[in-house]
Amino acid sequence: MKKRTFLAATLAATLATSAFADGHEPTKVGFIYVGPIGDGGWTYEHHQGLLAVEAEFGDKVETMYQENVPEGADAERAMTQMALQGADIIFTTSFGYMDPTINVAQKFPDVKFEHATGYKRADNVSTYSARFYEGRAVQGHIAGKMTKSNKIGYIASFPIPEVIRGINSAYIHAKKANPDVEMSVIWVYTWFDPAKEADAAKALIENGVDVVMQHTDSTAPQAAAAEAGGVVTFGQASDMSEYAPFPRVSSIIDNWAPYYIDRVRAVMDGTWESMDTWDGIAPGMVEIGEITDAVPADVKAEALALRDALSDGSYHAFTGPLNKQDGSPWLAEGETADDGTLAGMDFYVEGITGEIPN
Amino acid sequence: MIRLEQRAAPSRVWAYLTPLVAVLATMVAGGALFAALGTDPVAAIRTIFWDPVFGEFAFYYRGQLLVKAGPLILIAVGLALGFKAGIWNIGAEGQYIIGAICGAAVGLAFYPMEARWLIFPLMVVAGALGGFLWAMIPGVLRTKFNTNEILVSLLLVYVAEQILAWMALGPLRNPEGAGFPGSRNLRQYESAANNELIAGSGMHWGVVAAFVAVIFAYILLSKHLTGFHIRLTGESPRAARFAGVNPTRLVLFCLGVSGALAGLAGLFEVAGPSGQISIDFNVGYGFTAIIVAFLGRLHPVGILLAGLLMALTYIGGEAAQATLGLPAAAIQAFQGMLLFFLLGFDVLTNFRVRFGRRAMV
Amino acid sequence: MDFGSINPVLLIASLMVASTPILLAAIGELVVERSGVLNLGVEGMMIVGAVSGFIVTVETQSPALGFVAGALGATLLSLVFGVLTLVFLSNQVATGLGLTLFGLGISALMGQEYAQLRTPTSPRWEFFGLNELPVIGPILFNQHPVVYLSLLLVVGVWWFLKTTRSGMILRAVGENHDAAHSLGYSVLGTRFAAIAFGGACAGLGGAFLSLVIVPQWTDGMTAGRGWIALAIVVFASWRAWRVLLGAYLFGGISVLQLNLQAAGFAIPVELLSMSPYLITILVLVIISSGRGRTGGQAPASLGRSFHASG
């Protein structure tokens, strides 16, 4: 049996790459998903990005995707497989794909890789992520204004920087809007269990919370709030407009489409470069879903003003003076947080009770 | 009228033939499913069954078959010993997780010392020990308190998953990982890495261990007194007791061996293909191995083949997703159908299908 | 005792809702196992029930029809298991696991077009104002109809197994199928009926998730509840009233740990997340220790194939 090596495979990939350059072959775009495209949240929105790429480029692109890819060895295989099939660019859409992406990228230097939410890059590996905390700031403001019991609930998945950032941002802006506000956080310790999210929302509501925020993807908390009545919620990941105008009064939408279209076009033009993208509201990667009329007009106006200030850069969601939970100073008056600290955030800001599990 | 008549002895011909018949039947039924989803059934079947072994990129997939089959076989061999004796370890997934955590913890404790001759063997021992101890919980509860091992081993899977999340977020988190969950990558730590023994072959120590386990289990079951005790207990617990089998020791032995093997599988996975402890490190090998054990008729060699077949459907199924756009769900349903046919047709091994009335025989 | 902001009455009312899917699936599986059949495909049947119920509710706008469809869908799937294990004498453990695999796959295919839709809510019952009563009102007189149905099923199964002739036959088949067969009872008929009943119950449980608790359809939304149901049957040592105890214990701890977090109790979250599993194990250890070898044993023919060779 002839033993072929990765060199041969790489050669095949190179051939495929040069073949499209003369305009006959479509650009092949691969996506690796961590969940099913029917999850209605994280993976669903990435898949919407894939569909947007197809709509934008028509038969100039050929897309492929694989769902439910576990992080680790299976992810490496899925990526290798796509590279062998001649993919020109592969988006790997979960933090846990970081090391596999780097490993496979080493073997296929001519294939471009885009890893979501990680921090390791290479000549052919870019990273991208969204500043969801900007959206949390707007939600926090609305939450602070809307709560009557002064108790806000937050359903969190796992204590990772992304989630902690969101909690802090929401709390800071709720507190600004309403100094009496308290926040209870429930860690459900799962990415995906709609029934548990429903139970968590109910537990919060029964403990006197009347605004529920969530960092989990299902609409279960929305339904629980609708049943309880008088409880405000926000859509997460997707718009969840089926629960508008109330309880869902606004939402954060992950909108990856503009970025994906940009990057695929860069590959087509030959202008693709490794870079780190961390986009927020301004370029539209984070969208604030419609603020419904259940929100008083003045609050809505303030929320929109906050959104615009975040968007044009005149305001940063983490602006001092801010202390850490233990009272030690973090940001001085007027100082804004640097991206490094934000990326690895592992502390609560002052005022949040409870501890971050670790 | 059709009826089944028990054969005096299992048919050797059908024992070899039924898997083939079943796979063929699955191809027909699965092809119909794929056609209904608008995919070319012939291309789909070829992508799943043919391409990974003989296709253009088989040089890569063949190795991956071993990577995927290794842990399945290693775990299933251990489980089969217990299943033969009527001891139900449903929680291999948990033992797999704990083995990985213990092994990885030992490796990480030495970081960045370079002493492969010491560190890697210690990790292997720790992995096996971790799985063994985790399996001893249902073992001791069953022998001391008469607590059902199905429930305990199954629920301990969920406890192990919580410990895994805790480890990935806390004690084992990579201090240079910018606050993100997940441990250091063991593959990048020479002394702890379980890399491929021959580049591109997929052969790592876990695969070697799986083959060794198959051989040992074969010898144990066919030549050794313990193997006889296991079979006897499974067939008739009463007879076994009269024959002097110590049920307590047998329960602890079967659970301990299966736990240790599952722990080993976890260790080799975390130090090799997977590379790190992360929240979602486990992907269900412990549960799939139960299927593999029964598909292989609880026989070590059968398990070897069944493990490879399951691995083939995973890898081929993934390829079909990427190249043909089949949804992951269709592959799952297809795997379910394959199992149904394999298990259903098995009846031909032990029974003869007769047409007509009994009186005419 | 100070509960902080936790209201014990609301807690009990919520735990009854949260436990219902597990209770339904477990009481069905109990009957299956008492007939001597081990069906590990509960998770697969639940998820098919969840998707069937959701689809029919969306299409007909009737949650009642949805529940019927959920039960029917899962029953159909359970009959696949029945045919394979009873007619083709396939191994029950492996076939059940295959059923879960198949069920997860087929449900995702069926539900592709139904993600992100909203169904009409099915209201709770309010017993002529009895729900206004303090304490017992919210717990006893303001629940979803299916919660009452699940309790009725527990009582019904207990009564059926304990007192009826069919129940006696079912138990006989589970304890010794050869003897039952030689007495002229239909082993296959009994087991088919039991498997179908188990399927219907699991389907109801799944539909309760997708129509009442969540209510939404998402792939894999049962998230392992079928496995917990299996564990609860073992926990109950195959007795109906203890299935109720086990399901409410497990569901209760699950809801309580979330409430403790919401109320801000300083208990490590890792410990709280493990607590439902650990406490269930602990309680079982306490119950099963001190009992003789024969106590709480599984039906003698559990998991064994039956072939009438005589």
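Quick notes on this one:
Every chain is named by a letter (A, B and C) in the order it is written, and numbering of its residues begins at 1.
Following the convention adopted for this analysis, a contact is a pair of C-beta atoms (placed from the backbone, for glycine too) under 8 Å apart; a residue touches a chain by one contact, two chains touch by 3 or more.
Model, not experiment: these values are computed from the prediction.
Taking B-C and A-B together, the pair of chains sharing more C-beta contacts is B-C. Using the average of C-alpha coordinates as each chain's centre, A ends up farthest from subunit C.
Centroids built from CA atoms put subunit B at 35 Å from subunit A. If you average the Cα atoms of subunit B and of subunit C, the two centres end up 27 Å apart. Looking at subunit C, residues 108, 112, 219, 224, 270, 273 sit in touch with two or more other chains. In subunit A, the residues that reach two or more other chains under the touch definition are 36, 189, 357.
Chain contacts: subunit B has residues 162, 165-166, 327-329 touching two or more partner chains. Remark: subunit C residues 4-7, 10-11, 14, 18, 21, 108, 111-112, 115-118, 121, 209, 213-216, 218-221, 223-225, 254-255, 258-259, 261-264, 266, 268-270, 273 touch subunit A in the complex. Only residues 3-6, 8-9, 30, 36-37, 64-74, 76-78, 80-82, 84-85, 95-96, 99, 118-119, 158-161, 189, 191, 340, 343-346, 357-358 of subunit A touch subunit B when the two sit together in their complex.
Residue ranges on subunit B touching subunit A, taken from their complex, read 57, 59-60, 64, 67-68, 162, 165-166, 169-170, 173, 178-182, 185, 187, 199-200, 269, 272-276, 278-281, 283, 315, 318-319, 321-323, 325, 327-329.
Subunit A contributes residues 35-36, 38-40, 44, 153, 184-190, 192-196, 198-200, 202-204, 206-209, 218-220, 223, 226-227, 238, 242-243, 353-355, 357 to its touches with subunit C in the complex.
Contact residues on subunit B toward subunit C in their complex (touch as defined above): 4, 6, 37, 83, 141, 144-148, 150-152, 154-156, 158-159, 162-163, 165-166, 287, 290-291, 294-295, 327-337, 339-340, 343-347, 350-351.
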